[in-house]
Every structure is written in C-alpha cells, then in structure tokens.
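Heads up, the next two complexes both have subunit A, just with different partners, subunit B and then subunit C.
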Partner chain A sequence: MLRTKAFNASPGKMGFKQQRRNRNITPYMFLLPATIAMLLIFFYPMLDGLYTSFTHYNQYTNITSFVGFKNYASILSSGDFWNSMVRSVIWVVFSVLGQFVLGFGFALLLNERWPGNRLMRALVMIPWVMPGISVALTWSLIFNGQLGLLNDLLLRWNLPPQQWLADPNMAMVTVIVANIWKAFPFVAVTILAGLASIPDELYDAAKVDGASVVGRFRHVTLPQLRNVILIIVLLMIVWTFNYFDLVYVMTQGGPAQGTEIAPVLVARYAFQQFDYGLSASVAVVMTLFNILFAALYLMVLRRPNS
Partner chain B sequence: MKSRMDMNKDALLSGKNTTFHRMTRRDALRVITATAGTLVAGSVLDACGSTAASSSSGGPVTLQFWDTFTTAEINLLHTMGAEYTKLNPNVKINFYEIPYAQRPTKIPSAVQTNSLPDIIRADYPYQWYLSTQNKLAFLENDLKGWDMRTAIYDTVWEQTSYQGHIIGVPQDKFTDVFCYNQDKFDRDGIKQFPTTWAELIEACQKMTHGDEYGLAFYPDTGQLFTDFLLEGGGKLVDTNMNPTFNQDPGVASLQMLVDLVKKYKVTPPGVTGWQYANSDDALRSGKIGMAEFGSWIIGNYQEAKVPWKLGIGAMPKGPAGNGLISATTMYMVMNTSPHQPEAIAFLKWLVSRQNALRWAKTLNHEPIDKYTAADPYFATPLFKPFQTSLPYASAMPATPAYNAVNQAITQAIQQAILGQKTPKAALNDAATTAKSALQG
Partner chain C sequence: METTNPVKRSVLGWIGLYILVVIGALIILVPIFWMLTIALRPSNELYITPFPLLPPTPTFGNFIDVILNRTAIPAHLEQGVVRSLIVAVSTTVLSVVIASLAAYALARFDFRGKEPYGLFMLVTQMMPSILFLVPLFEILRGIGLVNTLPGLILSYLTFSLPFCIWLLRGYFEALSPDLEWAAMTDGCSRLQAMIRITLPLATPALVATGAFAFINAWNEFLFAFILDGQQPLLPVQLYGFIGQYGPQYGDLMSAAILVALPPVILFVVMQRHLVRGLTAGAVKG
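For the complex of A and B:
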C-alpha cells in the first residue's frame, strides 16, 4: 500500500517540478533566436571593434599585433582627431538646432487646419525618405560653384556668386544646410504626433484663464511635448554625430579637412590608411562620447526641477 | 460560453498561463536546433560568398567579375563577356559594377570577409593592396608564350608585377596628357600647344577672360602635382618608400599650382573644393581651355557630342625636363578563386591581339601594345601625344598605402591654395602623415 502510494505520488511531484521548470524556461526559449542573432550581429562586431582598437594591422606583412592603448594615445595626441571632434560639435549643434526649429515650425503649421494640409503632411516627408547619397548629390549640384542653382539665383538677383564648397567654413555651412533639409521632417512628424495627443481641454482652460497664443504655447504646448522633445533631441544628436554619407559624398571631409567630422575620419583611417586599429579607436571614442552624452542629457533633463 | 480567443485574452490579462502549450525539453531542443541550424546555414552561405553558385568539378563555370569605370567600358565588357560565353558555353561571366567611389570600402571589406570574386578589374593601388594581402594569383607561367606578353609595353607590365611575379593582365594604360578645347585655343589666338611651363602660363593667361578660364584642375596628386614634381626632377617616394615629395621639386610643383590659382588666376574660382567631376564638367562646358586627364576622355566626349573640337597635348616640359605618370588598368585573378584556369583563359582572350585593338578602337583608349599602336587609327594627332610621352612615363609607387599618400598631398594642396600653410610647411606635414601610412 505504502509502496503503491509512493509510486503514485512520485510522478505527480516530479510532474509539478518539471512543469515549473518548463514554465520558467519557456519565455527564454522564445527569446533565444533573437538573442543569438543580436549577439552575432550586434555584440560580436561591437566587441570585435573594441578589440581591433587595441591592435595594429600592418598592411605589408598582413600581421595584426596587440598594441594596448597605443592607438588611443595616438589619436588623443593627433591634430586630426581634435579637428574632427571640433568639426563634429559644430556639425551636430547647428544641424540639430536647425532641424529642430524648422521641424517644430512645420509641425505647428501642419497642426492647423488649412486646405492641402493632408497633402503637405505627406510631401514634407520626402527629404526624410530620400537616401542620403541622393540628397548629397542633389545638394552638391545646387551648391556647385559653376553650374549650381544657388549661384544662378544669386546672379539673377545681381549678387556675387559664392564658392560654397571651396572654402572650409562655407563648406561646413553647406553640409549643415543639406543635413537640416534631410532630417527636419522627422522632427516635424514626431512633434505633430505629440501635438495631436494634447487634449483640447487644456487649451480651452488656458483660454478661459486668459492665456494668449504665446502663453498657451509656453504653458500648455511646450510642457506637454516635453518628453517628445527630449527624445527627439537625443536621437537627432546621436544620429547626426554618427552620420557619414552626406558629408562624405558632398565634400569627402574637405577642403583642407574643413568638414572632416569624426565618422569621415574613421573612414579615412580605415579605408585610405588601412589602419583599422586607429579607425576603431576613434569609433570607440565616438561610442563612449554618445553614451556619456545620452546619460548626462537624460540625467539633467529628467530632474524634476529642470 | 467563452470562445478560445476570449479564454486566451483572459489568461493574458490575468497573467495566468492556463491555455498556452507549455514548452517541453523536446520543444526547447527543437528551438535551439532550428536556431543553430539557421545560423550555421547562414554562415556557410556567407562563407561561400560569391563563388558559391559555381561548380569546380568540370561542369559549367560561373566567373564572378567585379568591374569599375565608365559606362562605355562596362557595356563593351559585357558584350565581350557574352561573346566569350557563346564561344565557350561552359563559362558564364557575372559582371558586378563597383562604383569608383565604393572601391576603397568594397575591396578591403571583401578581403576581410573572404568574399572576393574570381576577377577584379581595377587600377592602382589595388594591385599592390591585394598583393600584400596575398590574394592574387601569379600569372607568369600561364602567360608564357602568349604573343601579347612581348607586345604589351614594359612600362605597362611594370605596374602589373609585384616582387617578380605578374599579378595582373593589363587592359589599359592612361598617360597624363592635357585635353584641350581646340576651338577656344583658336579663338584666343594660341597657335600651338605649350611645350614649357612658361608657355603653359602664357597660354592659360590668354584664355582667361570674363567667365572663361585657361585651366581646370582639382586638388589631387594625379592632377598636375605629381607631373610637375617629376618635371622638376623629384619623386613621390624613394626606393625605401620614404616620402620625398616634400623636397625642393615638390615645393616648386606646389608653388606652381598655387601661382596658377592665386597669382595668375587662370583657374575658375573655388578649385580647392573641386573633385574630378567638377573639372570634367568645366571642360565640357566649353569655357575652360584645358584640363589634365587621360585618353578615356576622347571616347567620353565623342559619346557626349561636346560642341567643340577636342585636342590632346603632351605635358609641357618642366625645369628638369619631361616627366609624367602613366597608370595601368588591369584584370586580376584572385588566388581564392576555384576557377583560376578558366579566369586566366578568359582574360587572355579579352586582351588578345584582336580584342586589344577592338577595345582601344571602340573606346578610343591609347594603345597598350605595339600591335594596336601600329594600327593606322592611332596615327592621328589625337593619339600622337600618348606615343611621344611614352619614354618619359613613370608608374605610381608600388604601395598599397597610396590612397593615404594621395589624401595627405591633396590636403597639402588645399591648405597651400587656401593660404593656411606655405607649400613647404603643407608638404612637410603631408610627408609626416604619408610616412606613417607608407611604413604600414
């Protein structure tokens, strides 16, 4: 009897344990394929890049040797690196500022009701969906000193033509203008979505309290969009900091390194000097900069009194 | 009564897993096996790369062929490839067009990921790069006794050889020459093409008036700087691959460029920011007297029907005499290719005596061999400067680091023209950068 009881009880107890184990393991099994894919296509290249930054590749002997922090010391003492960082800061600050102001303005316009509004909402996305290479080539033609549209317009208005891509500072302005044009629709559409989510009651209440248009914008619209703005600005800064193709196609970092932002320097080290270690070390510094910036940005702006 | 969907919904909302099928160990193993299988299959396919589609067991062969350069060249290459397949039904050629600007990333990436094709058509510095990576098949044994081996000029073979081995089959050579607007020369009263630097300056000054200019160029070593350097008695690097372009002839060469832009003002404004396309567009527009290019321009301009007569002039003599660069475009067979014999046979056919002539005549490219050069088609004044330049032609340094050297010198040219640095200081800085790249 006892023997029978034990025999009967045992499978039930085991089954419960097994069931619990199975229940515990089930979600992880579903996550496994994505996790393995992420490890292979994201973390492995990232770690490999990090490792590469501690190596030197000799293109003549085809030998890669471990050099510790030599690459980092080399870039930190290099004028090219600091030039690229300064250029990157200028590129990011003015691009994001322009994209944000223009995008916000468009969002406010598109949020109003006027004929053709729906069509305009679709059209405004065109620059954002265009490939970066196409945008770069288009703007290169517009800014072309001899055949460009912009100089043609200046001449028609009796203004002197400019050599937009020949002067390092002017070239930086041109790539920033092209970048603002390319990315402002993203800001516009995201802000527009944010505006649509603000309840009309808040505006009605503000009106009852006697708030002017500016007052309603300042005390209703902006606070309600705070989180949207926070995320947009963060994304735009990170994307712009890492953006490569537009500048590379328009100026290749020139003239005289005037537009050599950090990603262009990474490409130059990797594909012209074949110095993969140096290139990877700049890329790692860029990543650290992005992480540090994002953390600080969120920390400061998420404080209740900020 | 609740439907199955409602029950699932309730379970989801309540957080209780009442109706879901629980995953057993066997299910878990299936998931792991399927995931691993997919990844392994993906890796295998990836590792096989571009040659996975072709067989190496004597059956039909598909050669993967990477090509760059102009549309006319690509079209002709495709036509000839199709003809070869007709003659050799077992050999099919898949052409992939690699845009010129993508070569610096595409080729090194293919080397690193072991996904090179069977054949690559390229010019410097990729033969040196692929050689140092030990990716090229040595061709000297396969080319023994081939009639074109002795017919093609030595200066061309020089650029397809590395450490005593032949690593490429040449298809073109492009000697630096001035392409000029004959109509504009006539309009501005220039009777003959300049033969010295002084005459060059004088001619450019005569052609500069209103919105017309004497000379178009873009900051690049291949554009005037190196030729002026050689004509001044200098060299880009010494035999030990140390940069020497910052010595006196280099400084004189850069000073000449700066003077053409700033002192004589014979170039259009803004050339510091120019790239190849800007010079090409400017010359096509008819408002520029001349620009330094190669023979590929002849076919391009004929096809584009430029509304003025094209002339070709040899590089004017410098303080130390004549000197210029002649670059070679070649076909390289990868030693990773399982179809090397088929690839080499195809290339020998492509650059055979008849096909070399056909190539040069169809595209209006300068001849690379004595048979083609002897054809009456190339006895015209348009092709004569290529022939007269041949004795002075030099090759680019045999280094895979040339892109880095080029970039450093380009920056120096821009800095000197912008007045940021003196020619000497700019070239010294460029030499420091170049030295580090040249030493690997």
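For the complex of A and C:
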C-alpha cells in the first residue's frame, strides 16, 4: 500500500519533497511527541509483555523468576491452547466469511439507485458504532432461552426451542452471528467506496463488448475491487482474531470452553489463574501469528498484480 | 459517493430490488427492534407466551428507573457518563493533537526512517490489545495511576494514537502544499505554516478523526474493565448490571440503549464525513 502511494505521487510533489531532504531535523521535531508517547505506551509494554512470557510469577511467594521457553513449551502441550486455536479458527473463518458476503451484498445494493438509499446508508453503520457490550447484550436476549426472539419464532412455527447459549457448538454459532452483525457494515461501506471509484467507462466498454451483468461483475467489478477486497479481508481477519469484548460478555468462553477463543484464554490465564507468564506467551503467539499471517497474505496475494 | 448505474429498470427489477432492500433493512433493524421492545415494556410483560412482539403497554418506565437510580441496585450511570466523557474527550484531544504533528511530518517530509515509521503505524493495528493489558497494568501501578482516569487515558493512546496518525496522514497527503509553501516564503516557520494554513484546511478531517477516536474510546471495554474497575466507565457499569439485575431485562436493555446512544447519534450526525474518512485508507491502497 505504501509503495504504490510513492509511485502515484506527482512529479511536482516529489520535487517539493526532494528539496526538503537536506538532513533537516524539522520532521523529527514533528514526530517527537508521538514517538515519545509510542515508546512509553506501546514499545515498552510490548517488550515487557514479551519478557513476561519468559517468566513465571508465583502468586504465593510474590516472586517472578526467569524460566526461558518453559511457558511456550507448556502451552504447546496444553489442551487449553490448542482448543483456543481451533475455536479461534472457527470464529475467524465463519465471522469473516459472513461479514464479507453480507457486506458485499449490502454494498452492491447501496450502489444501485433507489428511493430510500440515503436513509439505508445511515442505518447500516449503526451496528458498527454501537458499543460491543450493547451488541452482546442484545444478541444474548435474541438467543435467550426464555424470552428470546429466536425461540419465540420456533414456538410459533411449532418447532422445539433450543438452549442456544447452553450448548458449546450452539454458543459458537450465536457469538459468530452477533459478530457478523456487528462488523459487516465496515465491509459494506468500504466495498461501496471501492465500487464508487470504478470509472463508468469500464462498464460502458464491457457493455459494448456484449458482456452480461454477470460478465461485467466478473471481469470489471471484481478485478477493479481486488486491492480493496484484499485489504478489507486482511483487516477483518486480524481484528476478528483479536476481538475480545463480544465473546467475553456473551459467554465468557463457555460453556465447556466451547467459545474460548485465544484472547479469552489470555484473559483467563491472567485474571483468574494469575499465571502472567503463560498468559503473555499465548498473547505473544497471537501477535506472531498476526504478523506472519499479514506478511504471507500480502506476499502471496499481491504478487500477480505487480 | 453518487451512484452511477442507470435507473432504467423493469417492474420486475424494481420488485426484486425492493425485496432485497426489505431483507437488508430487517437484518439491520430486527436486533435494534428487539432491544427496544424489551426496554419499552414493564417487567410483568416479559414472560407472556406467546410473546407479544410489540409491548402491550409501552412505557419509558425502565429508562426512568435506570436514570433516576430507582432500580433494585442503583445503576449510577450519571457517574459513569462523567467518567466516560472525561476519558473519551481527553483521549480524543491528545490523540488528534499529537497525531496531527506526526501525520504532517509523514505527509510532507522525506526523511530517513519515514517508510518504516508509517508501516509501523499500520502494524500497531494488528497487535492484540490483550498483549498490552498486563504490562500496562504494571506500568500504571508503578506510577500510581491504576484505577485512575489519567491512567486509563494514557493506555487508550496506545491504540488511538497510531490510528489517528494513519488516518490524518492520508488527509494531509491529499492537500496541496502550495499554500504552506507560499506562507513560508512570507516568513512563516514550518509549524506556523501548519497551524495557520494546513490545519484550518483540514478541519473536516480533524473532526472526523476525532469522532472516530471518541467513539472508540467511548465503546472500549477490556482496558476499562481491567485497568479502571474501581471507577467504572459506562460499558463496565453495563457489564456489572448483567449479574446484579438477573432477569430485570427491561432495565438492562434500557441501560444498553442509553450507553449506545452517544456514539450512534454522533455517527448519524456526521455520517458523510466519517464514512469517507474510514474508507479512504483501504480504497486508496
């Protein structure tokens, strides 16, 4: 993304920038406050977290000792950790799939011209700007066993009601549905902005060549949206993998660890077992996973275009 | 963001379109409707079977009870509102001020380390916030800021600052530097040129960026829950109600709606600016 920006810059602008490149300290002065803040509240905690993952804290003696890779060895052989990874993969794959399909559908719909379009554009973002905890409570009540909307509908259609949040697999379905509803608007508005940036001439040319609606979608819309789709899917995957609030409020990782995704496991290790070393090592593995995934993803998927 | 497709459409096309519109509207509105229908009914109408979809005797009683602390255990949202406002506004102001300086440097200068710095702002958005929780707790405890609002504001900058730098950099790059250049030939310093020329031109961008920082800080739950549990912000208070109220779902939903109102209203008022700002980064890439 950053590289293409440099290519797109106009020659005039480049000249302006080049002129200023005389070992000037001015840019560093502008960056100073942000850099100091980031060193204190980002770098330092990050390194501290990394260090913590190599230590063990004994809550009875209140002594922290260096234990090398012991925490990593123990999470790699623990059922908790692998369970959380499997749960995270299910959580991410189905959440992002749902967000993407629903968001893309909304974008195509909002890109058409129809009365009421403007109102819908305002409404669609409401789930995204609502606090995660309000969303979590709402969906808990929709899936509630006693006064839930879903069981009410099932009863009206003479189907047996379900204990949605009491069954490990059903609970996973409920948190994924809630997460799709919360985050699909971001996909919708981003794809919509991408659609708006496709020049009309491309569609006109395709029409002249006799392309059908489906043909135009496949050969004009999708290739033109390629970069937007790549970035949005990457962002959604990483954000979903890290997202804590919704699952924690709806299920606390239960029942029977059925929804214990990685960040919820990190929180349990840290704040219920007070095993900060173990907790930090899971968080570090999550971070490495994110960075590796992002790097691989961009490398593999960006290549054919450049 | 004007739509571009031709409006020629057959009757069948219109019907199909509006079927999709109705389905879309239902997807967005049904959960919101469910919040309202539970919040707006007295508690004795919660367990009627079959459940009447609309409250038989709609009332704002639950809202009034929650606001005036007339629930079984008082909610004290009025305290949470003040704290949430202090934290969200301070985070927003600090982030936007510090970020606009940094974003300006990234947009206007060519210097050693610029690309890594910009890339790092992006990488920060991929870090799981939970990695920072225990370290931030220890740091805040070390400087005596655990369970204080300033401590929480500091920890919110961890994610708010790089996010604002990333957004503002894109805006500043889109502004022509010619006017600043002219101001500087007239004797302004860099900083003066930025403050007098660039920032006024970028006001919509600063407001949009600030709105995002505000909404994120207002909605944040994890840090507020762990780092400032003794002075709960609104989302943490709301989380506390779940256990306290048990089946008092009307009160719970009323509180959930009250907490969600400020960001939703802020967004609806500023909708056009915000959507453009949010999507610019991804679309430009």
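The rule is simple: the second predicted complex is superposed on the first by the 281 of 306 C-alpha atoms of A that agree within 3 Å, B and C clash if a C-alpha of one lies under 4 Å from a C-alpha of the other, contacts with A are read in each partner's own complex, and residues count from 1 in each chain.
Convention: a contact is a pair of C-beta atoms (placed from the backbone, for glycine too) under 8 Å apart; a residue touches a chain by one contact, two chains touch by 3 or more.
Just so it is clear, the structure is predicted and the values come from calculations on it, not from any experiment.
With both structures placed on the common chain, the touch criterion links A:F271 to subunit B and to subunit C. When the shared chain is aligned, subunit B and subunit C each come close enough to touch A:Q146.
In the superposition on chain A, contact of A:L288 is made with neither subunit B nor subunit C. Once the two complexes are laid over each other on the shared chain, residue contacts for A:M299 go to neither subunit B nor subunit C. Of the two partner chains placed around the shared chain by superposition, subunit C is the only one that A:V189 touches, whereas subunit B remains out of contact. Touch criterion met: A:T26 reaches subunit B and subunit C at once.
Contact with subunit C, but none with subunit B, is seen for A:E112 once the two complexes are overlaid on the shared chain. In the superposed three-chain model, the partner touching more residues of subunit A is C, compared with the other of subunit B and subunit C. In the superposed model, A:L159 makes contact with neither subunit B nor subunit C.
Of the residues of subunit A, those at positions 26, 30, 33, 37, 144, 146-147, 249, 267, 270-271 touch subunit B in one of the two structures and subunit C in the other. Residues of subunit A touching subunit B in their complex: 19, 22-23, 25-26, 29-30, 32-33, 36-37, 40, 58-62, 144-147, 161, 163-168, 171, 249, 251-252, 254-257, 267-268, 270-275. Subunit B contributes residues 17, 22-25, 27-28, 31-32, 34-35, 38-39, 101, 104-105, 108, 129, 132-134, 219, 268-275, 278, 281-282, 285, 400-401, 403-404, 406-407, 410-411, 414-415, 418, 420, 436-437, 440 to its touches with subunit A in the complex. The touching residues of subunit C, when paired with subunit A in their complex, are 1-5, 7, 14, 17-18, 20-21, 24-25, 27-32, 34-35, 38, 46-47, 49-51, 98-99, 101-102, 104-106, 108-111, 114-115, 117-119, 122-136, 138-139, 154-155, 157-158, 161-162, 165, 173, 177, 181, 190-191, 215, 218-219, 221-222, 226, 234-235, 238-239, 242, 249, 252-253, 256-257, 259-260, 263-264, 266-268, 271, 274-276, 278-280, 282-285.
In the complex of the two chains, the subunit A residues touching subunit C come out as 1-2, 4-5, 13, 16-18, 20-21, 24, 26-28, 30-31, 33-35, 37-38, 41-42, 44-46, 48-49, 52, 102, 105-106, 109, 111-114, 116-117, 120-127, 129-135, 137-139, 141-142, 144, 146-147, 149, 152, 155-156, 181, 186, 189-190, 192-194, 196-197, 200, 227-228, 231-232, 235, 238, 241-242, 244-245, 248-249, 262-263, 266-267, 270-271, 276, 279-280, 283-284, 286-287, 290-291, 294.
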